[in-house]
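What follows is a set of structures for review.
The two complexes that follow have chain A in common; it is paired with chain B in the first and with chain C in the second.
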Partner chain A sequence: MLRHLRLYLHFLRFSFSRAMEFRLDFFFRVVMDAAFYAVQIAFFGVIYRHTVLLGGWNHDQALVFVCGFFLIDALHMTVFANNLWWLPIFVNKGDLDYYLVRPVSPLFFLSLRDFAANSFLNLLLAGALLAWSLLRLPQHLEPGAILLYLALLVNGAFLYYLVHLAFLIPVFWLHSARGLGDAFYTLEKYAEKPDRIYSGWLRRLLVSVMPFSLIASFPAGLLLEGLQVKVLLHVLGVTALAFLVVRAFFRLALRTYSSASS
Partner chain B sequence: MIHVQGLSKEFRVHKKQEGLLGSLRSLVRRQSVVKQAVKAATFHVGEGEIVGLVGANGAGKTTLVKMLAGIIHPSGGDARVLGHRPWERARDFQRGIALIMGQKAQLWWDLPAADCFLLLKEIYQIPEERYRQTLAFLTETLQVKGELNIQIRRLSLGERMKMELIAALLHQPRVVFLDEPTIGLDLSAQRSIREFLLGYREEHRPAMILTSHYMEDIERLCERILIIREGELVFDGPLAEVMRTHARHKVISLQLKPGASPVSLKRLLGVGLDVELLEEGPERIRIQAPRDEVPNLAGRLVSELQVHDLAVEEMDIGTVIEGLLHARGASAAPSAEAGQGAA
Partner chain C sequence: MRRAFSLYGHAASVEARKAMSYRADFWINVVLTFFAQLGVMWFLWKAIFAASGQITLGGWDLPGILRYTILVILAGKLVRGPEMASGLSQDIYDGGLSRYLLYPVSYWAFKYAQHVGSLVPSAAQFLLFFLLAPLLPGSVGAFHLQLPHLLMGVLALVLANLLYWLLQLPLQAVAFWADNVWSLSVLLRFISGLLGGAMLPLDLFPEKARAVLELLPFATLFDLPVNALLGRMEAGQWARGMALGMGWCLLLFLASRRLWRAGERGYTGVGI
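Moving on to the complex of A and B:
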């Protein structure tokens, strides 16, 4: 564990020193993500002009959920997204070769090596927006509940990464990740809405095999509606199971890796 | 250190007919062919040995190396490297091997080599003292100490390759796979890398498998070679053995005395012999003749021509191996077992 932490510190150091070289890209990302945040907040603002409650939440509560999702998105963009973006390219160009000969988990290396330092400011921005949404909430929140919420948002970012990775692993067989990649970004929209607006089989899917609702919506529910141990265990259990399944899927995929001609 | 028994690899390759219609057809009904990249390879490599793996493009060299480095899974057979099945990717196995691919960089493009080496130190858990000593030894031997803090992308190709070598050898591997380590380098860089590898072998005694299209790499570095043709090992033995068994001809070079009277070479060379006139000038003649015929033919030439100097040369090893690589059919070369080399 300590060794992996030390390795990750190296990745961080490398990523920051590289990011500083490309200043325009650095500021471009900040502007892009700030625009995305503004659009999302405005979207919910428009909805709440026509309704008082959405999925059982009022506007202030929905903002906590939305800003929680921003933090998850920023975490994903900063920690995992670049790495996942490279994965299909590495598989098809045979660039996994060196990752497979090192005495380190290739999944760890491939998932974390590229820390998007140029998204780091967005992480701060998302954190600030979350703090703003929590401060404007009329209901009193215990510090412990807020800490648990933050921990569940980190868990949500990890779950988001796992689901994203599950959609990319088939590239080992299909050699094109575009279709499944697009499918992920379409389905990912379910994570951006409160879970209560869905019902029936769709809701069951979103809390189990395609756990988009567990990413941001369930954590917000646990904060805003009080801790329910069963729900908490469900979120953590699905995340742990998703990790084991995705890791096994990745290992299976590595067996079919054919590299590329020299 | 490396034991390979009947190792095979098949790839299923999709076939698509040309044009839009072909694309539509392949969407509905996909055809594929099975390509046998490596066919039941069997060989052993011992400590301190550098074995050259020689073959034409697409012969299966890199596939074989990648199976032994644990990158791809075989379709059949077995192999043990340092006592491990490579594709099981045991951490002890990975700590004991190194892979260098001349066509693929392992170092981070935007970072100085010194930073990349620190990461590798962490990955291989190299103790501080040993890391410093090894790095000093490698950078001094390869003469790149002054380039350690320059971004990789700003280095010349030769310097980059030297950094790649250092990256691969920092953890002092016991088995080293070198896939085209001198590709694209100028002659001086090629020479310095060859000298370095020989020195490294003397010092550390690793088992090395080297693939290269440069015959000079093979001649200078390898006492033993494996020749692979269309996935099949067709020769395994000392380099000298290739010459003995496959260079069936020698070249006779004659320097004639100035003003020597012309002679009918066709008559001299005789009819029916497998003799080829490579060069015919007023003062110089070169003839390729079967090895067994050389003494008789040379005697005849000396007695009939006004010879100033005569030399009998072995054929160029590259030509001999090229002949082997492109030969077809079972009679072209003995089986791998026939020339089995040292373990």
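Moving on to the complex of A and C:
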């Protein structure tokens, strides 16, 4: 564990020094993510011109949910996204070999090696937006509830990473991650909307097999509507199960990997 | 001239075959992404109409706004094309631009031909779902397309595709000076999605904002072709939108040419 932590600190140092070499790219990434936040806030702003409630939440409550999603997205972009972007390339070019022979878990190395220092600033921006959304909320929130919400957002970022990885692993068999990669970014849109707008089998799917609603919407619900232990256990249980399934899926995929040009 | 067009046609055809070569990707993209995109917007609009208690919002009823959503998803793929399909910035990064400078044809025309070729899967998807639309529940699939609207819509789509490509040109040209312009393309995608009507109809914006949005190039990208196809646009209004779009195309072409020439002067041909 300590060895992994020390290794991760090395990753951080390399990532920050690399990011500082490409200052313009650093600036572009910050602007891109800021634009994403502005577009999402404006989108919900336009929608709430025509309705008072959406999925049971008013505009202020929906903003807490939206800003919570920003924090999850920023965490994902900073910690995991670059690594997941490289995975299909490593598989197809045979570069995965270098990661398989190292004396640490390949999944750990492949998932955390590249810390996106240029997205780190957006993590701060997303945090500031979340604080702003919480401060403008008329209802009183207990500090404990806010802490639990933040912990669930971190859990949401981990779940987001697991689902993203599950969509990329088929590259070991398909040799192209483009179709499923595009599919993930489309399905991810389900996480950007309050879970209560969905109903029937789709809702069941979004809280179990494809847990997009558990990423940001359920944590917001637990904060805004009060703690429900059953819901909390459901979120944590699905995350733990997703981790075990994705890890087993990755190990199965590694068995089919036949090095260069596989 | 004929030889140049034959070359562009060949470049488009090679790109089209390349786009269709990964069958699994094609079907995942065609079927899964379409239904996933439609699904999220379907539930969102249903929830908004149910919560507002209104029959129409911004002049749209629920089946009408769902028809708009279907068309904007399908048309959006034709307007934007695959991400970074033309690979202009990549040519600058790896020095691949050098060989095009020696070719006796226009680099941009060649790249645009490749871009058009890469649209074949999206065009197939557009036709497939248009034919299947009557199977949708309720009156959502009742598009009642008329020939003049179809013609107006198709012409607007052609212009929108060219405009989106031209909007990318100056951003791609930044690759002469910066090491990564990927984020600028994504930035364009976000902004054009909201301000062009891909995320929701522009009629839902406040009146003052709409007046500004109609002057920007983004409205030509999605709002114009989709409203033209749906027959929600008078001929005069369509002609004004087309003229504005063409004006933006000209402006972007001139600005990109200037920027591109400045970049080429500092281009070393060995990549970054």
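One rule holds for everything that comes next: the second predicted complex is superposed on the first by the 260 of 262 C-alpha atoms of A that agree within 3 Å, B and C clash if a C-alpha of one lies under 4 Å from a C-alpha of the other, contacts with A are read in each partner's own complex, and residues count from 1 in each chain.
Throughout what follows, contacts are C-beta pairs under 8 Å (C-beta built on N, C-alpha and C of every residue); 3 or more make two chains touch, one makes a residue touch a chain.
From a predicted model like this one, the values you see are computed outputs, not experimental measurements.
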item: Contacts of A:S258 with chain B and chain C, given as first, second, both or neither; value: first
item: Partner chain(s) touched by A:D60 [first = chain B, second = chain C, both, neither]; value: neither
item: Partner chain(s) touched by A:V101 [first = chain B, second = chain C, both, neither]; value: first
item: More chain A residues in contact - chain B or chain C; value: C
item: Residues of chain B touching chain A in the complex; value: 11, 58, 61-62, 66, 69-73, 89, 91, 94-95, 97-99, 101, 103-104, 106, 108, 110-111, 115, 118-119, 122-125, 179-180
item: Chain A residues touching chain C - in the complex, by the definition given at the top; value: 22, 24-25, 28-29, 31-32, 35-36, 39, 42-43, 46-47, 49-55, 174, 176, 178-180, 182-183, 186-187, 189-190, 193, 196-199, 202
item: Complex contacts: residues of chain A adjacent to chain B; value: 3, 6-7, 10, 13-14, 17-18, 21, 94-98, 100-104, 255-259, 261-262
item: Residue numbers on chain C that touch chain A, as the complex places them; value: 22, 24-29, 32-33, 36-37, 39-40, 43-44, 46-48, 51-52, 54, 57-58, 177-181, 183-184, 186-187, 190-191, 193-194, 199-200, 204-206
